[in-house]
Amino acid sequence: MPSKKRKKKTKLVSSPVVKVDDDGDASSVASSSSSVSTNVSDATCVDTCQNLNVIQKLDLMRNDFATKIYGVLNTIKDVKKDVREFSGRMDLAEERISSMEDVVNTEKSKLEEATKRITFLSRKLDDLENRSRRSNLRVVNLPEKVENPDAVAFLEKWLCETLGRSIFPTPPIIERAHRLPGRQNTDRPRVMIMKFLNFQDVVRVMRAARQKGRVMYGDQEIKFFPDLSAEVLRQRRRFDDIKQRLRSLNLRYGIVYPAKLRVTVNGQTREFEDPSDAEKFLQGIQNTDEL
Amino acid sequence: MPSKKRKKKTKLVSSPVVKVDDDGDASSVASSSSSVSTNVSDATCVDTCQNLNVIQKLDLMRNDFATKIYGVLNTIKDVKKDVREFSGRMDLAEERISSMEDVVNTEKSKLEEATKRITFLSRKLDDLENRSRRSNLRVVNLPEKVENPDAVAFLEKWLCETLGRSIFPTPPIIERAHRLPGRQNTDRPRVMIMKFLNFQDVVRVMRAARQKGRVMYGDQEIKFFPDLSAEVLRQRRRFDDIKQRLRSLNLRYGIVYPAKLRVTVNGQTREFEDPSDAEKFLQGIQNTDEL
Amino acid sequence: MPSKKRKKKTKLVSSPVVKVDDDGDASSVASSSSSVSTNVSDATCVDTCQNLNVIQKLDLMRNDFATKIYGVLNTIKDVKKDVREFSGRMDLAEERISSMEDVVNTEKSKLEEATKRITFLSRKLDDLENRSRRSNLRVVNLPEKVENPDAVAFLEKWLCETLGRSIFPTPPIIERAHRLPGRQNTDRPRVMIMKFLNFQDVVRVMRAARQKGRVMYGDQEIKFFPDLSAEVLRQRRRFDDIKQRLRSLNLRYGIVYPAKLRVTVNGQTREFEDPSDAEKFLQGIQNTDEL
């Protein structure tokens, strides 16, 4: 009997620290301790040394309790250690987040600054591009191949003859002339671009063309346009709707470089950079007229 | 009596798993188990079957202990599960932080690169802008309206007459001329900008004006200036202080394009891009002179 | 004896909540509870009031158990609280990460957009730079100092005389001329850049030089080159290898502005923007020839 108890005691003491396996559950541990108690209650208790037996059982239980609590505390210790480690990881993670937020905010400001500079450069470059094109004129509807073999010589001569000697006492000097890239065999001839040496000749051609009303090459009506950048053309197109309405109202208007609408009503001139402002202005005029 | 014990046992066994509620505390659980022990100690223990009673109590206690430990272990299991889940969340969070740090570092480098390119473009664009303005001259102090109706014709004629036929055997050709935007009715006339067809005419005007000493329009002294970009003017203004000191020391100096100070001392010429370098140089000269 | 027990009981009840110190371990707590159980088993159990004693021991143990469990539960409560706090920190951290990921993604897109705009601006600016240089020519091998004192006048006269009156019925007008920066006292004279007023004169010089085969200044052979931007020159140099091979194959080729290779084989003309494409084309030709 003592050996049996000894064995039991040993078993309890030597039982490994109660540990909840990471992937297991606690029920197995609990049921084993439950079965121990069942064994104890099955024992007969009629011995005269019963009290000693009870005390021993008490001791065993106490040991068992201590061992289990020890195990539980160790488990908690492990959990606490895990939590502590998390605390460290969390501190580090939060520091990294904070420092990254700082970096990101700084970079965000820098990018905003960079974007502003890009916008500034874009405008400046577009302005410079348009300035460099100011001595150019676009010739629309000039039949293909008539300029061969020497476009510059052809245009210098043709402009003189068509617009008149009074406009060009001496022939205009053209530095370069070429067709815009595009498909050659379509109904519409490709646009011709000519660069005058002197901007004054651009002014003369435009003025003479306006005065003549129609400039013809054979039976083709030729149109001259300033050579504007794609960006300026895009901005000017925003006024297309309002221009149509101004025409239908017989109001005088014009486009001012780079992309402003100038409207003249009752001798008063207004300029608009934004089509919606022009829209409101026009609305106001129409309301006044209706009164 | 047995039924009472039975009831007690049942109560203990059927007691729900000890669980620390997320928002509650453990004291209620502890006090209830404490009250159980008080009840037990209040019981009378004079029965002849006392030992059996003790054994039963022992069993009950053991069961109670097992149940409580079971509950505790389950609770720990839950906590461990929570911690494990945190581990997963933390792993994920750390991965996200790491990958974001990588992204941010990459983007940071890209932004640095982009900023360098912007600075490069700004300089190039400023240079190009100044080149495109090289055939321009600014005319300061020319009374308003004298150029009407044709500023180009007026300037071509006036420059010839004022600076002399020897400078311009044939009249200079001006491509464009206009007043800078500004308020018209102030004491000072708005600055006029004229663009010559040929840069050589800019050189001729500046040389002739320097040789004449004073160029007049009526009783107004007219000044000619190169037409520089805002950026170059800003950079040149950094030398304003040092220029004043050079004048007071009767030292020869000039500004070299775009914004360098050239100082000539005892036949030796030095150029400075940075005003502070010029400052040190000047300090050195003054110290030498004082010896 | 009762007082002793009383004391023990008091001690147990008043014992502080079992707490696993953050930096300590659970073993000390466990061993102390173990020593308590040893003391109990050392006690003599021959009293007639033994049963009462056992019941009291049972009570003590129950109290001890309750206290320990209470402590354990409190400890778990603390851990749970820690975990709960982590949950909050984690939620916050994850929110910060998420919102930063959003910001970073947005900024990344913006930077990509900005970079595209920069590339667009770079190309446009390079194009504009090359346009502004189109009226320039580089003169290589012209001996130093021959242009003094007036480079423009010298070049206008020398070009007329060297290339012939038939090329220049009237002398070409040069706006500016200067040597490129560089060391003056080397074997090779510094490159001279001249800017013609009219692009047509650039065309005339290049055509005349090609027709003459060799243009000499004294015993020096002079070469004329278009004045291209550094970027375009860099792009053109990528074709250097393939050009050498084309020469060795006696194939006609040329470089088209800005940096395209044009190859003519059997009357067929092909243009390449990428040297590797030209490489493949050439490989194809050679394979065909070998058949």
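In this document, chain identifiers A, B and C correspond to the written order of the chains, with residue numbering beginning at 1 in each.
By our rule, a contact is a pair of C-beta atoms (placed from the backbone, for glycine too) under 8 Å apart; a residue touches a chain by one contact, two chains touch by 3 or more.
Just so you know, these numbers come straight off a predicted model, no measurement behind them.
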Superposing rotation of chain B relative to chain C, computed on C-alpha atoms, to nearest 5°:
120
Give a one-word verdict, same or different, on whether chain A and chain C use largely identical residue numbers at their interface, taking over half shared as same.
different
Can you compute the centre-to-centre distance for chain A and chain C, using the mean CA position of each chain? Integer Å is fine.
19
Residues within chain B bordering two or more other chains
51, 54, 58, 61, 65, 69, 72, 76, 79, 83, 86, 90, 93, 97, 100, 104, 107, 111, 114, 118, 121, 125, 128, 132, 197
Given the complex with chain C, which residues does chain A contribute to the contact?
51-52, 54-56, 58-59, 61-63, 65-67, 69-70, 72-74, 76-77, 79-80, 83-84, 86-87, 90, 93-94, 97, 100-101, 104, 107-108, 111, 114-115, 118, 121-122, 125, 128-129, 132, 152, 173, 175-176, 195, 197
Within the complex, chain B is touched by chain A residues 18, 20, 22, 25-27, 29-30, 33-34, 36-38, 40-41, 43, 45, 50-51, 54, 57-58, 61, 65, 68, 72, 75-76, 79, 82-83, 86, 89-90, 93, 96-97, 100, 103-104, 107, 110-111, 114, 117-118, 121, 124-125, 128, 131-132, 135, 197-200
